């Protein structure tokens, strides 16, 4: 029996008449890097939102680390150990990088309903914040205002914020969206580094990056999974080539 | 603002000292009317508490409540209803009781309102405020639209000794000044605390705060209850000072005036609304000496502030300080109030 | 409680609901499409009512007053949108609240200065001044039936406009789909001005119709505004259908509520709102 840290069964989400996600069976093994690919409209964003608890499913189930998490709200899912980063940068632009990550790190305290001592005095949060900033490559940029960072640096901050919530599973939603060549390469290196310590579910468009880091692939088209397995097999699959890789939707970087 | 520039703290200290020394300069400034202005200052300090409590919601947490006066009024009415008719209430019973009733009301209203956000939230807080107004206006045990009188100010005894006589105008003034300072310090402490950090995050990006693992609704309700209870403190003091409560105090116009003080002073800074209360009452006094329709120029001022000086007096002060300080990054010309962003240490 | 009494209350409730719908529809469209909270909406109702009274007194006819008054209200709407509200689109709701609140203060005081603080009655037009016999001993004012009929016609017209025309499509697309609206070949700025002015016009018109029923008095706008908010909370933001059913619900509850639950008379509508909030926080027709 493979050790699956995340498993979905017949996961579906309908919007009116549209089946955005249709009967998806997905399995993420402990310690692997699993990429989900698909053209625009394939349902990838909806899938991420279902897994992170931002959207309740219309049908099906999600199991994480052996327990059912179907329908749990986002904050509960985060507390259980799934850390999700966002495709559209979702930071606090008016705060410094340090403060952005701090808030994420603070979430791991037993309770933030603490009113008396200044937040800064918490040593554990301080250490976690520093470590997360360093891990995502922004160790020396803590005092800079997040809104003033370059696009690539903001994507790094996104990841830093997720790391600070001490997840076991990272849900990275198109982390390389809008990045140039060099920035993408840096991020690929970061992802490879992260894969040593976390299980990763990577939603991506960027083919080259995916093939460089992924252990297994799942390909989605129109809300359905059309292929899933190790990289070589999926790449060679005719359905995948027709529907996605060879067709108009092929996206190189 | 997580960290207050030292110059602002010094400014506030000087301001407090100036007020504390009123008995020395009051007669010089106002002659025969010194005692009248002492009472005026007292009522402004009480309004400052009201305005600061609202800033916790509006400026720090991004929850725009148009029904905050509900809690101001509930505490006042609680005192009126609890106070015996012909003798002074016991301060040590009346205040905690009034605040407890207020907190309970804020909890119930807060739990319902927090299920909404944005425009919806503004509307439901307004509606609940009005619900309170109509209830009190129509109920018989509250004196209806005529209101109720509180014949005697609460009696404040410590170990059988009357250290503070609230009937004495000067004692009451110092009491109000101490209360205002205490509320200010409490709010500053809250902002610096882990709780305050979460609120600032919620204001900036609630979705992300939830994605990080916080149950944002709980934090918003707690903020609502704290703010409502502090507003109740102001209401209790106001009712004690005037000896009179009436339904209009709970109405949405009252809430609107509080919001005006917040924006006039500078939203999100806590000390801004304190200044805003003074500015609002100053304008009120000036305009009313010109015309009974003082709300007309006040409305015009409000529109002018929104269009021309959205960060209020405090914003202007902080911008001045920023210009003087060498280096630092340029502020973006957005509506994000200085309060929601971290200010660098002085 | 006899049947004819119930019938009267029902007719009243429906009429109140329909008038409320006119006011609430403008409000909910401005919320939903433009993302703007306009507190001065109630003041527009008051201005309409006062125009009906004052112009009506000058020209001796309510119809003429309405004929003159509605274009005036539309013009007022355009001016307010162009010079005040239009500056608030991308800004925090806080500033919208404060600017429109300032506007209310100015308008209320102006009204007080110009027309004083006493209520004034407005005569019902002669044509509609009679009553019809409902039952043996109950009659019902024709004017109220006429008001209901006019409101129903307008409601039907709005429904057709929104569901059948390109403009209606643009309206349904909402503020979040600016690009789509522009792709339909519609100038978004003009659309916003149109919607805002239409909202003001509808509300003012409702005030004019209501004037003979409620007389005109200071602060009449405030009450309507808050009730409208309740309607929108119950019905859902941006939904005309929601505004219709919410308004009918509120109209009926505020008519029957005081009769069935006299102790809770004034707050029964708010209790209904609280109930909806508990069950469906985004409104019944979100």
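Per-chain numbering from 1; labels A, B and C assigned in written order.
Keep in mind that, in the parts below, a contact is a pair of C-beta atoms (placed from the backbone, for glycine too) under 8 Å apart; a residue touches a chain by one contact, two chains touch by 3 or more.
In this text, all values refer to a predicted model and were calculated from it rather than measured experimentally.
Excluding subunit B leaves the other chains in the touching groups A | C.
At the far end from subunit B, in terms of centres built from Cα atoms, lies A. Each chain gets a centre from the mean of its Cα atoms; for subunit A and subunit B, those two points are 43 Å apart. If you average the CA atoms of subunit B and of subunit C, the two centres end up 33 Å from each other. Taking each chain's centre as the average of its CA atoms, subunit A and subunit C sit 47 Å apart. Shown for subunit B are the residues in touch with two or more other chains, of which there are none.
For subunit B in complex with subunit C, the residues that touch the partner chain are 58, 64, 66, 112-113, 115-116, 118-120, 122-124, 126-128, 130-131, 134-135, 137-138, 252, 256, 259-260, 263, 267, 293, 295-296, 298-303, 305-307, 310, 335. Contact residues on subunit B toward subunit A in their complex (touch as defined above): 2, 189-190, 192-198, 200-201, 204-205, 207-216, 218-219, 222, 329, 332, 336, 340-342.
By the touch rule above, subunit A contacts subunit B in their complex via residues 52, 54, 73-75, 78-79, 84, 86, 90-96, 99, 102-104, 106-109, 112-120, 122, 144-145, 147-148, 161, 165. Residues of subunit C touching subunit B in their complex: 31, 35, 37, 84, 87, 91-95, 97-99, 101-106, 108-110, 112-113, 222, 226, 229-230, 232-233, 237, 265-267, 270-271, 273-274, 277-278, 281-282.
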